[in-house]
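Each structure below appears as structure tokens.
Below, chain A partners chain B and then partners chain C, in two separate complexes.
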Partner chain A sequence: MRSLFLLVCCLGLARFALADGLLVIANGKVPEAQISLEELMNIYRIRKVTWSNALAIVPVNREASSRERQQFSEMVFDRSTMELADYWNRLRFQGKIPPVVQNSDQSVVGFVRNIPGAIGYINDTSEHAGVKVLLRLE
Partner chain B sequence: MSIFSRLNDWVAKNISHKLLVAFFLVFFGTYLATALVVLTAVRSSVVGAEHDALEQMASFKLNSLNTHFDQLRTDLHAWSKLDVMNDLASGDVDQRVARALEDMKADYALKGDLYAFNAAGQLIASSDNRRRNTLLPAAWRPGKAITFVDKHASPLDGSPIAALSTPVYSSFAKDLQLGTLVVTYPWSAVRETLSEQAMLLRTGTPPVILESTLRGVGGESVIEALGRTKPGDVWLQLGPTRYLAHAVANGSGRLLADWEVVVFRSPTYLNHTLSVVAWELAALCAVITLPLIMVIRWLANRLTAPLRDLTGFVAGITGTGDLSQRLAPTSRDELGTLTTAFNHMAGRLDAAAQERERFVRELEFSAQELEKKVQARTRELTAANAEQARILAELQSAQSQLIQQEKLASLGQLVAGVAHELNNPIGFIYANFPHLEEYVRTLLDVLDGMRQLPMSDEARAELERRLEEADIDYLRGDLLKIIRSGQSGATRIKDIISSLRSFSRLDEAVEKNARLEDGLDDTLALLRHHLQKRIEVVKDYRLNTAILCHPGQLNQVFMNILYNAIQAIEGLGTVTVSTRREEGWAVVAIADSGCGIPAETLGRIFDPFFTTKKVGEGTGLGLSISYGIVQNHGGRIEVDSAPGKGTTFTIRLPIDGKPASQPGS
Partner chain C sequence: MQVGDFLLSGYGNLVAEAPNGQPARLVVDDLSLYVNGSINRWLNPFLEAEISGANLLHEGGADNSAGRLVLERFYDDVHLSETNTLRLGKILSPVGDWNLIHAAPLVPTITRPLTTYRGFAEYASGLSWLHESDYSGVSPDWQIYWQPDKELVQRPDSVSPRHHRDVFGAHLNWSFGMLDNAGLSYQQGEQLVTGQRYTLGGLNARKVVGRLTLQGEATTAYWSAEPAGGRSHEWGAFLVADYRFTPYWHGIVEREVYQPHGTDAQSRSNLLGVAYKPNPAVVWKLEYVHQQDRSREVPSGWSASCAVLF
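For the complex of A and B:
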């Protein structure tokens, strides 16, 4: 009974959070100040691997079950999380490295902050000091 | 008695015991030699096996360590490639690295811990929840690839560990080092892997002992001993103890390239194995020995049973001497042959014994016969000898007696002649003495008458003076005395001569009838001078008959006996001479009160030349001649003497001549 209550609460919270947008953040050493959605798609499809100054792009993903990932998948690729996960898994067999997965916005922020060329997305309500925001997804 | 000498006795008594001991010694010696060979083989085999085992064990231990660390290296390499290590970049905000490390420690059952440091060297996560502000120790700082950190004290807690350290590169950019991943391996696990009696060395000059589980041995001595060993040596001398040892080193190219494992085996283990084998061998010997002894004993008894039978058989024969016994042969072997041969021999012996007995009997018979013959011959010879000796003695005696008798006969003839010649003059003298006395008396009467005649005084005075001068009174008395004594002397001379004549009796060769008393008187008369006043002669004549005899010879006998009697008397004494008649015998006994004859010489007084007198006084023939004379008369002479009291000679003569005539004697 108690766990059912918790589930109901979480669902309610999730429904509330759906309304938030996503921030695309990048490491401070990334030369671009902002990127287009297409660029973002190319980056996450591992078709664009360097920034304009030849710095290697390190895309950071959230875990498959996260709301941010689901939101990101739908917003950017208009695909389901499962479809994109398939795509990334297939990339491994092509010798390409899929985006690094981080499990929380804080770790995404920490990762992006520390890894040069890293790019990630976080909930627009999350703290994101030390990184620059390249794009806002609504 | 010692056990050994008892055993010796026991063995010496019986062949089966000897066989038993011999078989047993052979078995025991063989067994001992076999056991020694087995022990030696076992020892070398055990040493070899043990050395192989040591080799395997050393290899195993080293391999085990290698495997551990290789595995760890592989694992660490894999772990460093995990996506989650990307979180080092984010400082492990999500604790994913920490959880991953904990999971890995649990899943891989790691003995040590995992530490993840970020690129700045700060400890981001660890499997033991260590605090985060720890910085990466210099010792753990990795090179470009996985680095092995040999035994060292943990920089975090000081415990001895080994460690592997690897840089963590990002999965998205190969050159981007996100941090360092370190896995520690507690040294106790190494020690555990080494287990007992092993040593872990780091090769080099000098080698370093990393770990040793060999108790009681100093590391330096091991290093020194290892330095002395030559290839192929299996023994390592450590102090007083020799260890079986084997070392296995990793070659270059391995993670633990300079590690070397030495495994030792103390000799007590080997000795224990050997002693177990030795005890088993001894037990086997004991187990085999008892039935074997019984079998040997049975065999020895079986082998020696015929011998015992034979021995008993021989002992029976020896004991009883019964050679007729036979022993049935029990087998066809040598003993059977021996039994048959023995039976044959017993038969031969039996026959020989019977033959011998027969011979012995015959020999005994012959010996008895011979003995009898010898005795008879000896008796004959003895008798002949005695006869010859007697004859010789008799001859000698007869010869001497003949000589003496001849001498005495000559003397007798001489004396008889002298007596005969003196007889006439002495007859004149004797016959004239009465006349002389008568004439003297007449003269004296005349003288007295003349003195009565008247005459002048002067004449008378003159006559008286002359008579006075002549001492007529004395003359008168003395004259008669002289005549008397002269007459007496003449009478004695006449008697002596008469005695001499009758003693010497010139009629020797002729037998005459004569009175023995006359002969005795004559002899005594001749001996008067010796008798003198000291010896009283008592005469007791009761025979007073003439007997037929040779008086002269008998007088000689009387002379000898009486002379001896006189000589036997010292000082005053008595000689008793008696004659009597006893049936047909005339017996003369002459007894003296002299010193007697000692018993030891009494038997020899009639032997020729036996004398107790001084040389020259006697010839030793007197009594011998007397004996012969009396024997010639057919009589016998006996002597009876008591020393100190006197001697009696008794002469028996046949009254009517010789009973058995002895012609020519």
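For the complex of A and C:
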């Protein structure tokens, strides 16, 4: 029984060790130096739509099949990628613009670097020169 | 698809219906395109137009309608502040949840419950003020709207035989997290042709518990006197349970009771269905409706559909 318990613990630790964290990055013109998890949720719920200097917020998602999108959905919202996609599809039908989708971490960094007000997330091992880090998700 | 300041998207819904005792048909139920502009604080236009009811095949060849082009929504949003928006134009009336989000890929059943459209103005053309609450979710979002005259670009009678004027309404919505919500609705108006006035109240709720999503709405409305002295109280309610067996397969059960005004013919229907969602933008559905009463609007029979968001 004790061996089985240790095995389960090791498997659990291995799972966390394999999963990288995420960095929440933003364009250099965003005035905030950091944001809370609650603010991040409201940005991706399209409830908070401007930064403190009135600059429009442009949230960016990875594609639905990516590991980063799955991690973000579970770490921030405790929901599956499918459930969140349903939420954003409903918003789109209501005339709101859901997060922009980029297909790689490099694309997310490029988009965020170039678009004022943009915010996105990437694997914490990805290169992210030219953007600011607002939050680390682990 | 993003084109400059505009986001182009839409959905299509192909439906095969085989109601008991009536001809079967294959129909493009909706082919809808929406254009969503985000230009500045004052100019945020939204347009939704669709081709509705285009018969591809009809048993016996009796009806091969090419469908109708319908202007569903056309409005501009003026952002007064981060939480307040003034909306001018043609909107979907916020009565319940389903009427606001009725796109086929986003609703659980092919057969739309009568409660979600039958007894009120589904659209309002005029002014609307929307307020989003603070982020806590304790205080509700609200919307008030007013249509001073007739519907802007009225839908053809073949799409909707009932039209309204002089519509006023309000809606309160409490959001709990991303997926759960509860709402209260009020609407008053006048039905064209008959000249009857109505006052409607409604409530709606949606709750996700693990793999189970429960969604329901109820309305009650009082109509001014019927010319023939018929029933003046109209009411309806439905509850749908959507259980996610796997990430892709859903089982669906629904019960609805609806009592129209002006007649004693009630609708009491039960629905059993399955849905397959290989990804968030595609839904295949198959369902059987059993009508226990005399309603011709929701007949017993099979339906199947494929709905795609793009």
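As a working rule, the second predicted complex is superposed on the first by the 120 of 138 C-alpha atoms of A that agree within 3 Å, B and C clash if a C-alpha of one lies under 4 Å from a C-alpha of the other, contacts with A are read in each partner's own complex, and residues count from 1 in each chain.
Keep in mind that, in the parts below, a residue touches a chain if its C-beta (ideal position, glycine included) is under 8 Å from a C-beta of that chain, and two chains touch if they have at least 3 such contacts.
Keep in mind the model is a prediction, meaning the values are calculated, not measured.
Student: So in the superposed three-chain picture, is A:83 touching just chain B, just chain C, both, or none of them (first/second/both/neither)?
Tutor: In the superposition, A:83 touches chain C alone.
Student: Could you look at A:106 and tell me whether it touches chain B, chain C, both or neither (first, second, both, neither)?
Tutor: In the superposition, A:106 contacts chain B only.
Student: Check whether A:114 is in contact with chain B, with chain C, with both or with neither, and answer first, second, both or neither.
Tutor: first
Student: Who contacts more of chain A, chain B or chain C?
Tutor: The partner with more contacted residues on chain A is C.
Student: Between chain B (first) and chain C (second), which, if any, makes contact with A:136: first, second, both or neither?
Tutor: A:136 contacts neither chain B nor chain C.
Student: Is A:29 touching anything from chain B or chain C once the two structures are fitted on A? First, second, both or neither.
Tutor: So A:29 meets neither chain B nor chain C here.
Student: Which partner does A:97 reach: the first (chain B), the second (chain C), both, or neither?
Tutor: both
Student: With the touch criterion stated at the top, can you tell me which chain A residues are shared between the chain B interface and the chain C interface?
Tutor: 97, 100
Student: Given the complex with chain A, which residues does chain C contribute to the contact?
Tutor: Touching chain A from chain C are residues 2, 7, 9, 34, 36, 38, 46, 73, 75, 77, 82, 100-101, 103, 105-106, 132, 135, 178-179, 208, 247, 277, 279-281, 309.
Student: Which stretch or stretches of chain B touch chain A in the complex?
Tutor: Those in contact with chain A are residues 83, 86-87, 89-94, 96, 170-173, 176.
Student: Going by the contact rule set out above, which residues of chain A touch chain C in the complex?
Tutor: Residue list for chain A touching chain C: 38, 42, 45, 47-50, 64, 77, 79-87, 89-90, 92-97, 100.
Student: Looking at the complex, which residues from chain A come into contact with chain B?
Tutor: That would be residues 56, 58, 97, 100-104, 106-111, 113-115, 117-118 of chain A.
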